[in-house]
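In the two complexes that follow, chain A is the common piece, with chain B as its partner first and chain C second.
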Partner chain A sequence: MASKFTVSNRTGWLMAGPAILLIAGFVILPFFLAIGLSFTNQRLVSPNPTEFVGLSNYRQLLGVATVTLEPLRDDAGAVVMKDGEPEYPSIRSLTRNNPDRPDLAGMREWFSFSLGGEAKTFVLARDVVFMKAVVNTFIFVIVVAPVQAGLALGLALLINQRLRGINVFRAIYFMPVVVSIVVVSLLWRLIYDGQSGLLNNLLDAISFGLIPPVNWLGDPSTALGAIIAMSIWQAVGFQMVIWLSGLQTISPTLYEAAAIEGASKWQVFRYVTWPGLRNTAVLILIVITMQAFGLFAQIDVMTNGGPLDSTQTIVFQAVERGYGKQDISGGSAISVILFVIVLSISLIQRFLTREKS
Partner chain B sequence: MARISLKDVRKSYGTAHVIKGVDIDIEDGEFCVFVGPSGCGKSTLLRMIAGLEDITSGTLEIGDRTVNDLPPAQRGVAMVFQSYAIFPHMTVRENVAFGLTIAGASKAEKDAKVAEAARILQMEHLLDRRPSQLSGGQRQRVAIGRAIVRKPQVFLFDEPLSNLDAALRMDMRMEIGKLHNQLGATMIYVTHDQVEAMTLADKIVVLKDGQVMQVGAPMDLYHNPANLFVAGFLGAPSMNFLKVTVQGIDGGRALVSNGALDPVEVATAGRSFRAGETALLGLRPQYLTVSEGPGQLHGQVALTERLGAETVVEITLKDASPLIAALAHDAVFPLGAMVNLNFDPARAHLFPME
Partner chain C sequence: MAMISADNRGLRLATRYAVLVLIALIFVFPLVFMVMSSLKPSQQLLEDSANLRAFLPVGDISFDNYTDAFRRAPVATFVFNSVLVTGVTVLLSLLICSAAGFAFVFVDWKGRNLLLAVLLATLILPFETIAIPMLLMVAHLPWIGMEGLTWGWLNSYRVQIIPFIADGLTVFLFVQYFKDLPGELIEAARVEGASWGQIYRRIVMPLSGPILATAAILKFLVMYNQYLWPLMVTQEEGYRPVMVGLQYFFQLNVAWGEVMAYLSLITVPVLAFYLYLQKAFIASIASTGVKG
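So, the complex of A and B:
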């Protein structure tokens, strides 16, 4: 029946209006502003007029170069050794005021490797911190996406049973999702504390003092891992609920048919459960990937990108650049780069998981 | 091949007793139909035989083995579900071969057996399609194909035709009948449709509220129903029941009458009645004829349904009770016309009031 609410355009627009305004103001407008600002030299507060600078922000962020250097030799032609390693000409001599290599001006060493022989290849980046942030973010995504999805599926399979009190477990697993990520991060900072943290105490107790305390967030070799573990724990409940909804769309008679045909538990999973979860899996993979690329709050609360930039991430850099350094255009450029990365990965995932006819 | 025997089989969910002590013997190669109204426990009983529901008490034997505690796969049964339960992501070929895949059969064996099943069910052309490209009847064929490919001792059908339209249902019913003749396996078939029960079964088990009402060959049940429920459940239109007074008893016969029925002698079929008692006289609509003469029953035409080969007449008897007559020819009755009806007392059944 057509009532006033379904035929009147005005009522419809009035109802949708607030949401449209908010989405336009806080999602659509910033999206286009970011793209526009990334081509300027806009600062958060500046007396100078904004200028169009073309791709300079992107060049600054993404500039990478390699130089292959021969080790230094003394007058006799022997390699100069320093601390047991061959010594190479300093990078600074190339990147600072070197009229022969203007293209390397302002770059810094990111990492180096040697392909056998004495020559060593140095990879230079115009913005080493950003490069580390990109690498850290990719490590985070590559570890979190499969581990979190897998754990969540395992939990969902365990939870999806008719047992007394199963709802208690559902609630427990879902609880971290409900708690704000900032609160969770604060709590985990205490758990990871290098001196008297819960984790160190626990390890100490179960190993009878054999495992010495580790400064989980203060050590560059453990900091990112600690944040990965905590992030997986925090959101696994959310993915579990999505898996669970997928599991419940699978018709119980399919399981009965499989039981009659004598399928083992693994065969049931392989032939009935997993194919039935296909669409859910695509959704979860894309959702986790997008969320993981947005890693920020944990870093901001727990490590601030440190120690030694070992937990820098793309979004943290965008915020740090835009507000910390008041370089709005640089922050915008980072956001646009992140957008392109996430978009292309989602498209690739969609392509790889498409329905093959 | 296997015979199946249920001895005092019961099923309870807590205090709710769903199956209340069922004894059935199904011979090897027999086509047995469980029939009854919804909620009578027929599907539960089938699922207990399949092993999908556990048996609270009693024994279930398949092929002289007690299988109460065996998982479904070890009972040697195959099942066809009402909802087909075919795997949507597999082709028809993969679906039919599913049981063989699970058992780890070689590709050559699978191909040969799938081809044979497809030939029996005439669905060779469907093998490479996906279930979403199939009609309901074709899906049911795939489900049956999956069942026959393993050559089980026992086939279980759980209302397999309920989701099909009427015309297709008749075709598939005949196909299942032919399949039974071809395979010669023991089959148990659950339905609420008495036409399926009557046409397919060697043996019908009529169930009501988790209890067996009567077991027997279709014609046996039709002509000699053991109780009021079976008499009313089988046959369409269903049997008329007239309240009558027993005038007298003479050996195995009782003289009965009421306001619309002239006194008539009918067999008591072993049931006991006392003179003066009120009883129910069961008359199948098909065995009533309109008489030109005085007749045994008297009433007025209330409604006529002409179906061509059959005419169904609703009559309001002189004592105001309704009566349905199904006449095996086309006839016209003016509304309100007085009619006299005749019936063969040998075709009438007398039941005590419940």
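So, the complex of A and C:
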């Protein structure tokens, strides 16, 4: 830290002022606006005055309820079957104009399960699409964070060898990072194409025609996975470079000592390399998590949230509402929910990875 | 220790390179595919995807897709907009963030510790969480220009530039760098009666080449590749940058040859720039990893 020089309030404010003003105006203010607006019914353009609506935006987004229903029975008391499955009373009869259950009004079925027996539990949500978006975003983060961090570490270890021309490979592995994710998404849309896509042709060739073509982005069971794989491909070089700079801070004398002790490759990694990468690991995990929660461009370019909402994400929903439907308050509420999620997760990560003394 | 024969060593070396090359192929094949496809008619492009011809400049090769792309969309306008917005933002960002970093490290003033802490706290705010309220905000901001006082910043250059000039990370990178500069140098200059402005211009800036390059590269990547924000704030094509201009090619039936030409046009210069300044690019990403 630099020592104390002459006190100069005027110079300090003059030089730091512009940056402080800009950050206050375009980062901090919008953040507080998001919180404030999420309690109103603000729209981008509206003839009506804005009103305070309390928690209603959050209730609309996060409202969930469960109902357990017995299957329908005929007059003889036997379960009514339909297409080989027991038939249950319709959810609509509960959520539409049902005076007994005003709390369920307007909800839709999200999913259902049964814990043995005939009764079936239905989970209803006020905003099923948003719930799917939250689940998809979590799946994305939970897969991408460890896989991308792990692959990046593998690449960094590979690149950290002393070989002629190794810098060429480092440059190539990093290349997709400088390409816009929009461009990358478009390219991969063609690679993933259901009929003449490169990927299908490749799989067909290496399996001698055993693997049938898959419509990667058009099938709800593969679309999110395809986007995950592409996202990792694009960004893994970023973390590779950060791991690499972590690796290079480890003192060579430690490796020499390990070699003298006759340590195996795994032992060297476990007892020399990994402890030296601790702080890097924490940082990488937090950064990937934060970036992964922002998943938007890939969705917008490749799938628009489909098929069957299987690639809806939190940010895509925020934009669809705040910008697409000009519902600023709904979009703001989603932004606040996203912030709370990101903050809690990075606090949990920090707590779990804290130095144990 | 076992004796390792020369053959054995050669084999191991060959395997290592084979692994490296195989991985390299995974990273470059979409980009090679993009550039090669941009030279082919749309029909051939799709047929070639069935085999290795996809990666080779074979068949009916021409630059027709490029001229067609310019005919279909105002490509020159998009490129101009991107270059203008990115260039101006990078320059202003270097000026304003380096000045702030200077003030935080070398000048002693009331409130600097608190403000630095607040600035660092903004690093945990992902842009995605403030984009929507900021959209409402910029739709109502005043501006004094040639037409006098106007309200609303939508469809302009300023809405794409001003919000991104200063950010916590850039200021923080300058602070980190300045802390490692020899403080005695600045102290001596102060004693000799140099003004703060002179110290900033004549002493600190000339020593700041590496950090200026880092900050410029990071800002460049963010700005040039931006998508979400310009998508929301520019409805008029006259102000749209290259990434948003891409939508132009998906309005009617998609001509993939033209799409690939446009993608190559907006990507290859950046890749060339990257390969030319490869070390600086990688160093700048690595430097974002020193925080914590």
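Throughout what follows, the second predicted complex is superposed on the first by the 334 of 357 C-alpha atoms of A that agree within 3 Å, B and C clash if a C-alpha of one lies under 4 Å from a C-alpha of the other, contacts with A are read in each partner's own complex, and residues count from 1 in each chain.
Criterion: a contact is a pair of C-beta atoms (placed from the backbone, for glycine too) under 8 Å apart; a residue touches a chain by one contact, two chains touch by 3 or more.
Everything numeric here is computed off the predicted structure, so don't read it as measured data.
By the touch criterion defined above, A:91 reaches neither chain B nor chain C.
Applying the stated contact rule after C-alpha superposition, one finds that A:79 touches neither chain B nor chain C. With both structures placed on the common chain, the touch criterion links A:129 to neither chain B nor chain C. Of the two partners, chain B and chain C, it is C that touches more residues of chain A. In the superposition on chain A, A:278 contacts chain B only, with no contact to chain C.
On chain A, the surface touched by chain B in one complex and the surface touched by chain C in the other have no residue in common. Listing the residues of chain A that touch chain C in their complex gives 1-16, 18-20, 22-23, 26-31, 33-34, 37, 42, 44-45, 155, 158, 161, 163, 166-167, 169-184, 186-188, 190-191, 193, 196-198, 201, 233, 237-238, 241-242, 244-246, 279-280, 282-284, 290-291, 293-294, 296-297, 300, 315, 318-319, 321-323, 328, 331-332, 334-336, 338-339, 342-343, 346.
Partner chain A is touched in their complex by these residues of chain C: 13, 16-17, 19-20, 23-24, 26-31, 33-34, 46-47, 49-51, 54, 96-97, 99-100, 102-112, 115, 118-119, 122, 124-137, 139, 162-168, 171, 178-179, 183, 186-187, 190, 196, 200, 221, 224-225, 227-228, 231-232, 243, 246, 256, 259, 263, 266-267, 270-271, 274-275, 278, 281-282, 285-292.
Remark: chain B residues 50-52, 71-74, 77-79, 81, 83, 85-90, 98-99, 101-103, 146, 150 touch chain A in the complex. Against chain B, in their complex, chain A makes its touches with residues 251, 253-254, 256-264, 267, 271-272, 275-276, 278.
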